[in-house]
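Heads up, the next two complexes both have subunit A, just with different partners, subunit B and then subunit C.
Our next item is the complex of A and B:
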């Protein structure tokens, strides 16, 4: 989108593109100001360098240790690194968990955002909900995980999770982990949806009301279709958070190497069973865990980073498409 | 008839139904505090409300003993003095937030004011990427790259021998934990400060320029000063993130309930620690022992309350900017 020469100059430049005052040259600055200027550049370059170093290093290690066979074999416990199998189950675990989490988070978050922006009454409740979501966003994931454990260990919820042969409720399953993951994704989806709704001008709503539509009808037919891209952005951000979360998986999914279904109903059994994700696999295979298989950890971390990068690009793409419209 | 099918809800119904769903969030928070507090109760009661935060004995041994106390432990089995873990949390959080704050302030000024459009097109995605990298990857790099480097090149064998009766210096410890944590929380702070600096109306800095300030003076005395509430908010919210970081720190912090003593000099920054959140992750396997369980929930309660206070603090810190009509 290069600006052509004929295009009229924008009336007010975008706030982050302030022109320097005329005659203000670096050479006329005090030394301390020049030093600050250099520090700013150094920080910016250091940021890029750190990012580049992480991506390149993980990329090199990933390509070095990752092979197709690894992706399609199931992991097995083993002492030597070459006997521990592949990372098929962790990948499937990541996918299942992300789907569950986002499937719970999106409806809740969109409903909350719509209510807050379009109705928002009684006002104190609306403000409480708003700050409540900020509190959830600031709660450490490990606390959310341990809270989930307390909930899903309740005897009432026993059918949803892995039960030991003796009848003890462990409170660990894909459903339990997914439910708590939705709390981690919720603030992202909520924030994006609210931004989208607030950026729709009021006259759009007023036009619809003037035609005799109720508020809820306006929401369904006019507003929600317009914020679809925002919801998608939020969902992508939320999925990134779910994919990258380790604490919930370690605490609530059991982090068993393979997917271990509970009961013999095909899909439901898996949802009630335990498993692992890429994050918990990396954690377990690193020197900090029991596996001590750094090559496998690098390979899994590379796959994980690829997923996160893809989601990141999706967010970028969605944002850019909205800007051009 | 068809109208009703097309639009089954009246506005009033819709309002309270959607509102009920939105209020679930509040219910969740209440449940969270309630459940965690109830589970933490035995530990709090057995140790006293405040004294379990103090120091005394080895916290690792205390947690280890709890596992052996069986399903119906006596009150004495709940004995816990968690100061080393709290010390580790405060140390890592405070240092990394301070370092990260200076770094992110200058980076944000660079992004908003100095970077040419092409450079900005690289830096902004880089920051977003850094924020999106999962913590376990930072932990992996920390334990497989940084820790061996520190252990092999920065710690001399003599230094290792000098403390070998107390702790093992293998590279993981205060230094690596702080470096990893700083890299993790800096992008969050940069995002908040960048938003705030962008929200400053251009007229304000133009006014400074008209009075003869050069560009840096205009930025430093007007933009940064006006964005000060947001900078405080960034630090507060980053604190909340750093407090709760469990997995990466459990990998790189050395993972021992040990409180390093600043008197040790340089050795101090190589000594192992273990923050609260990391202790929770590592002890979760032993959660079937009631005493351990209650201790873990006590840690969780402490983290939950601190992050609650910090979230509210971040909100309050931004209020002065909102009052001036700036959207941050």
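Our next item is the complex of A and C:
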């Protein structure tokens, strides 16, 4: 309240008379603290070193074996490395699968996050949704893949996947794999959207309600535009997960070397057909698999790493843009 | 507590500008002086000339609001008249804001809040009105300036448009938006660039934009929840002056912690304490001749 109190007259001595400021110097710390500090420091450096090692090693190997021709030729089965073609189909497969997975995951995740944050009633149901998504996030991808197989082998879902000539349903297709991949990406998008919505203060919503707007209108015109960056971040994270996943590809996509359409319809046929992604290609071509093309495995792994790094930087960029806004 | 049926004497009010002593004591409270005395006096007297308010706009009848089992507002009855500003004062947590938020049914959005009694708008229970329609007639300004992250124009246009329709378009809305900004005293500062993001404005400008947004639909009542507590003294003075202008055309209900502000802008003052309406009456009377002991203590404590 005392606005009229005068600030005390400055009594600072001349700069050269002032003693050096006493800082918090490492030499004044206890030994245990110094040790702990050094450990933290070393761990950070070690992590950076590991990351750098992976990127540099894969980069050197990748650039060594990667050439444009490899990127644009289709793979062919062969015993010798020079007869196995390129990695066009795995790249296409990765792109298709990611698009399907994210196209299913984003609407599902955003709507459920909106429901949870903006309505969230009845409370037990909200809790169930939340823990349900946590369970999905924690489920190993191979379990999700096997479960997907059980679903998509149901005769009623036969039109969605690869069917053998005898009529047996394999339950393997881009659609099946994409649907299950969306479960892997969903928790990422959900979490990011929920964080974004919860960070919007209540009085912003109330301001909109107080103007006579309904909840739906408020969500559409005020809240969703504000969480766009969060959704994008979550989607980029989810895409990273999809791109990097192997189990679902092997079990649900067939991991066939080439895109093998089912039926004659151009695009739909591909979606119903099988294929492979970079991850399954790397596995197959590596010494662990049957492809016997280790150099191409390195090249494909490098491409995969590039994609994931790009997605990571996208996440970083989107997150930072949100902060500065 | 039956103070609100006390008849307000217009001649008593007319004497206010020529009676500086109580005013001066308010200023010694070191609250910001809004405008120099020379400008202040004529403005007040001009306002006073129109007499003590217009017709009754809203009526609160035996209203109690409970959060769970905890009562926040207990058995409050109040009239709200057009053409005057009602200041709700009282210590923190005494139910002022809850009372205010009940007037446009915003308490409904709080989980576990229940209500007894009635709130009438032009004789109709607000429960009977469509809530969106009610809130367009009883607008609200919040403590934090909270423009939406859109352009200045869109902020006001959003309020005018029905829900999230794109129509009417920009050209048709231009006059209405300009009018709202003019009435909120913001037009001269933003007229050059209505497409500027609203969040680039200063705090005081943002709050005036929120007022423009609130009055764009020509509401009958304007609720203000401590509209100046997040603002600097200069912006506060501008907004107080604005309230003085706005109350000519609509009923203003303002919650404030700042007694001096209540004295400056309020025609009527309601003092609440722990959910009770302790005293209600003409501002002059409540501040200078409070009837209830608690009012006297509160007013004196803050004055001295």
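Assorted remarks:
Here is the rule we use: the second predicted complex is superposed on the first by the 300 of 325 C-alpha atoms of A that agree within 3 Å, B and C clash if a C-alpha of one lies under 4 Å from a C-alpha of the other, contacts with A are read in each partner's own complex, and residues count from 1 in each chain.
In the analysis below, contacts are C-beta pairs under 8 Å (C-beta built on N, C-alpha and C of every residue); 3 or more make two chains touch, one makes a residue touch a chain.
Because the structure is a prediction, the values reported are computed rather than measured.
In the superposed model, A:233 makes contact with neither subunit B nor subunit C. By the touch criterion defined above, A:98 reaches neither subunit B nor subunit C.
Contacts of A:270 after superposition on the shared chain: neither subunit B nor subunit C is touched.
Of the two partner chains placed by superposition, only subunit C is touched by A:206; subunit B is not. In the superposed pair of complexes, A:131 makes contact with subunit B only, with no contact to subunit C.
Residue contacts after overlaying the shared chain place A:161 against neither subunit B nor subunit C. Of the two partner chains placed around the shared chain by superposition, subunit B and subunit C are both touched by A:214. When the two structures are aligned on the shared chain, A:258 is found in touch with neither subunit B nor subunit C.
Contact with subunit C, but none with subunit B, is seen for A:222 once the two complexes are overlaid on the shared chain. In the superposed three-chain model, the partner touching more residues of subunit A is B, compared with the other of subunit B and subunit C.
Across the two superposed structures, the residue set of subunit A contacted by subunit B and also by subunit C is 214, 216-217. For subunit B in complex with subunit A, the residues that touch the partner chain are 7, 9-11, 14-15, 18-19, 21-26, 28-29, 31-32, 35-36, 39, 103, 106-107, 109-115, 117, 119, 122-123, 125-130, 132-137, 139-141, 143-145, 183, 186, 190, 197-202, 205-206, 209, 214-218, 220, 237, 240-241, 243-247, 250-251, 255, 277, 280-281, 284, 287-288, 296-297, 300, 303-304, 307-308, 310-312, 314-315. In the complex of the two chains, the subunit A residues touching subunit C come out as 1-4, 201, 203-204, 206-214, 216-217, 220-222, 225-226, 325.
Taken in their complex, subunit C has these residues touching subunit A: 29-30, 104, 106, 109, 131-136, 139-140, 142-144, 146, 148-149, 158-159, 163-164, 210, 213-214, 217.
Taken together, the subunit A residues at the contact with subunit B in this complex read 12-13, 15-18, 20-21, 24, 28-29, 33, 36-37, 39-44, 46-48, 50-52, 54-55, 57-58, 108, 111-112, 114-116, 119, 121, 125, 128-129, 131-144, 146-147, 149-151, 168, 183, 186, 214-217, 219, 240, 243-247, 250-251, 279, 282-283, 286-288, 294, 297-298, 301, 304-305, 308-309, 311-312, 315-316.
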